[in-house]
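The chains carry the letters A, B, C and D, assigned in the order they are written, with residues numbered from 1 in each.
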Amino acid sequence: MTTPARTLEIRTSPHIVSGYSVDTIMFNVVLALLPTTAFAIYAFGLAALLTLTVAVGSCVLAEQLACRLSDRASTLGDWSVAITGLLYGLTLPPGLPLWMVAVGGFFGVALAKSLFGGLGLNAFNPALVGRAFVQAAFPVAMTSWMPGFTADRFVSVPGSTLTLPLTKPVYDGVTSATPLSLWKFDGQLSEVGDLALGFVGGSTGETCGLLILLGGAYLVARNMMNWRIPVAIFTVVATASASLYALDAERYAPPLFMLFSGGLMLGAVFMATDMVASPMTSLGCLLYGALIGGLVVVIRVWGGMPEGVMYAILIGNAVSPHIDRWIQPRVYGSRVGEPAP
Amino acid sequence: MTDDPLWSVFVNACLINNFVLAYFLGICPFLGVSGKLATAGRMGGAVTFVMLVSSICAYGINHALIALDAPYLRLISFIAVIASTVQLVEMFIKKVSPALFRALGIFLPLITTNCAILGLALFQTNKGYDFAQCIAYALGAGAGFSLALVLMAGLREKLELARIPDVVRGTALSLLLAGILSISFMGFAGLGG
Amino acid sequence: MVDSFPHEETPSTDEFIKGLWRENPVFVQVLGMCPALAVSNTARNALAMGLATLFVLLMSNVVISSLRRFVPKEVRIATYILVIATFVTIVDYVLQAISLDLHKALGAFISLIVVNCLILGRAEAFASKNTAGKSAMDALGMGLGFTAALLSLGAVREILGSGALFGLPLFHDGFQPWVVMILPSGGFFALAGWLLLFNALQERRARLASPAAEPMR
Amino acid sequence: MNGIPAPAPAPRVWPMYRSLVGVGLLCGLLIVSVFELTRPVIQRNQAEALERAILQVLPEAVSSRTFRLVDQARFEALDGKPGGAPLAHAGYDADRRLVGLALEAQGMGYQDVIRLIYGYSFSEQAVIGIRVLESRETPGLGDRIETDPGFLENFERLDVSLADDLTRILHPVEAVKHGAKEHPWQVDGITGATISSVAIADILRRSTEEWIPRIHRSLDDFRVAE
């Protein structure tokens, strides 16, 4: 096979209407994630910094290894793997042993991306597959949350972070609970103000909802993100939880709490919008977002786990080929209702 | 004996303990027929139907065998009944709707050796479900099987054009996808409680 | 890599060996996946399941091949299913008598040996056409191949998933088990991993073999 | 499998009947003989396993007898007779005095149904031991309901004493957050395995509310020590 002539540029998906190249978009995504990342490091100190570094490093290493093994050109230049790693790191609890961080990053990229052929071909969001793998493999470590804003966070790391590879972490200090598990298991509600500003326990990058929204708004303003997906998710979560709350305020949580707690913001803005694993049409994206929002509410309210954003998005990823099949863009020249060839 | 409500039996069989993704039943058709979405949907429908019929039969047989005090004939009669149910269903569909028969034709014999059907009959007996619960269980298992099959088919069709390395193509890829689907379905755990 | 089987040897040896590697039921023919995935969460369960399947396969192959002259082909499949279900029921009771715990761990999957495509497949493809002796060799090979595959899956899953092998702890107390490996998804991943390994080996062998083939052209 | 071959059928059908009936008879014979051979061993194994479980949850007992509820009011000793659920196992000490009852109970856990047996002591009016018979809870997390020593400590004396009129339990069993246990009828949960530990408490609450009053009403049924 010969390489195509340089005059006509042929790209695989994502076919982005904006006309930006992959690396421009990816660079801007990094930019949009910067405030969240900075806040994560500010809140959790060295532990978060180490977690994020190892997350990015393991993903990059896995990708590099896969490229070497399958004789593909290295894809490090386009930032995509670095973003996967960063997003993955932001979903992890601070204080997670670094070797577990590396295992998840490696498996996420290998399982969900490299084996499927690399960038643009993954059926699932690799960052979330990595997280889901670690969650299933090390459920105890993944639900032990370290409190933020400790006095010595910039000079020392929790003992669990530096656990020797393959060994069990020992949690020396106090662990805190996330707002969602406090609500689910103890019936305590956290202040919405604290949630929005990030003064609660949780994963490194999911605590401060406002900064995530800021990053998302930046990407939307630059026309680099499909705003329909997060908007649909937020709308469904807000309406569903508002109606439940209206039915029985004792049992169900108020909508603002549901919106700003847990990984919903990070998931809706940066994970569900993965261009490859989400539907192609606008209507499809709305449906996809609505499905994810619905699943989040179902799992959080009636399921066994306090948080369901990760599972909801993965199932959304699995359904998105079907959404694309039901709602196909009208092929130029065909009549409405006629299936695309 | 259990007194689980019907919806809980259904959700349990369909999502939490999905027959394919959590119990590994019906893996052969799951891997074999999930290449094309259209056939996957039909297969799911056929399996659900056979599940419903054989679940009812198994319920009756089990009670008859308990009355006869001959539990050792359970397996042999279950499998005989499933095989003949499939045959009867095949003949019935051929008579009533030749079009449907042509669409389903090749899958029906496959269903006989689908362990999901026998598994359903055995599990409902072990769990001691009553008649209504058996129906809910069969419908849930069928819906879960179809859901897994259809999701898988969609993913495989999407990946058909991807540059998948040769080593991964085929069964290994399907198993990887099934593993990721299975992890995603873990999110439903606890729903029935 | 030993991949050439001398053809001058007696056919029985080949019948035996092919199931172990070249036509391994799980890794090459991708048959009998349901039990392979479901009960391979520990090496002990995998071994018990493999041996139970081996027994049923051996007995039904022998019976079916001895009966092959007396059974008209119209009722062939029905007879096979009867014979197989009988031996499965026997295994079920014998296992219950040997160890209730093991029987509980394998659960319904012992009964589900009936619908293991491997057994009906060997009955139809081999035992119905060959002598009892040859069928026994075939069943032994396939059964052992199946057991070996199950055991290799079970060993990987148990070592990673509970840090033990056959229930004996392999590591010091601090070992962190990878719970995912004993969960259903871990079964899928572990089997996919083994298949990848097999595919890679075969591809490598094909690459190594192809330069030798070139002078032929 | 007991079809009698039709007299002189058409030649092509005859071999089919012959082979099916022949194989069927052979198979039936095999199954029944193996069943009969293994049955005593299996029954002994099952009885031993049950006895072990009963004596484990009723540490003072040295022997046990299984009772069945008849007519929703009276308990009747089974003594080896087969009997469907619901069953209660009475435990006796060396002097053949009734010390407690072991009851089976089940309910939905995190992943699937959890089945357990618990011991109830008459002198303490409390649950004095549980053992999980069947569960598919997440290994390493939910299965701590079987292994966590702190959690199992809850059931060394879990108060289920009855109100004076013997119709209801004074304080139904309830699950509380880990570390928040204040009363002897509360179950101290497991952090990280909340659903599974709450499920155990629920199973116990439902079962004790249904059975303990009933058992106290017909206490004499179990005092047949000879």
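Everything that follows uses one rule, which is that a contact is a pair of C-beta atoms (placed from the backbone, for glycine too) under 8 Å apart; a residue touches a chain by one contact, two chains touch by 3 or more.
As the structure is a prediction and not an experimental result, all values here were calculated from the model.
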What chain is most central when centres are computed from CA atoms?
B
Could you tell me which pair, A-C or A-B, is linked by more C-beta pairs in contact?
A-B
So, in whole Å, the Cα centroid of chain A is separated from that of chain B by 33
Rounded to a whole Å, what is the gap between the Cα centroids of chain A and chain C?
40
Taking each chain's centre as its mean C-alpha position, how far apart are chain B and chain C in Å?
23
So the centre of each chain is just the mean of its C-alpha atoms; given that, what is the distance between chain C and chain D in Å?
35
Specify, in ascending order, the residues of chain D that touch 2 or more different other chains.
27, 31, 35, 110, 138, 140-141, 195
Among all residues of chain B, which ones touch two or more of the remaining chains?
72, 76, 168, 173, 176, 179-180, 183, 186, 189-190, 193
For chain C, jot down the residues that touch at least 2 other chains.
78, 82, 85-86, 89, 93, 179-180, 183, 185-186, 189
In graph terms, with chains as vertices and touches as edges, which category applies: line, ring, star, complete, or other?
complete
Can you list the residues on chain C that touch chain B in the complex?
30-31, 33-35, 37-38, 77-78, 81-82, 85-86, 88-89, 92-93, 107-108, 111-112, 114-117, 120, 180, 183-189, 191-192, 195-196, 199-200, 203
Inside the complex, what are the residues of chain A that reach chain D?
139-140, 143-144, 184-186, 304
Spell out the residues on chain B that touch chain D in their complex, using ranges where they run on.
1-2, 4, 8, 12, 16-17, 72-73, 76, 127, 189-190, 192-193
Chain C residues touching chain D in their complex are 67, 70-72, 74-75, 78-79, 82-83, 85-86, 89-90, 93-94, 96-97, 100, 104, 161-162, 177, 179, 182-183
Spell out the residues on chain D that touch chain C in their complex, using ranges where they run on.
12, 15-16, 18-20, 22-24, 27, 30-31, 34-35, 38-39, 41-42, 45-46, 49, 134, 138-141
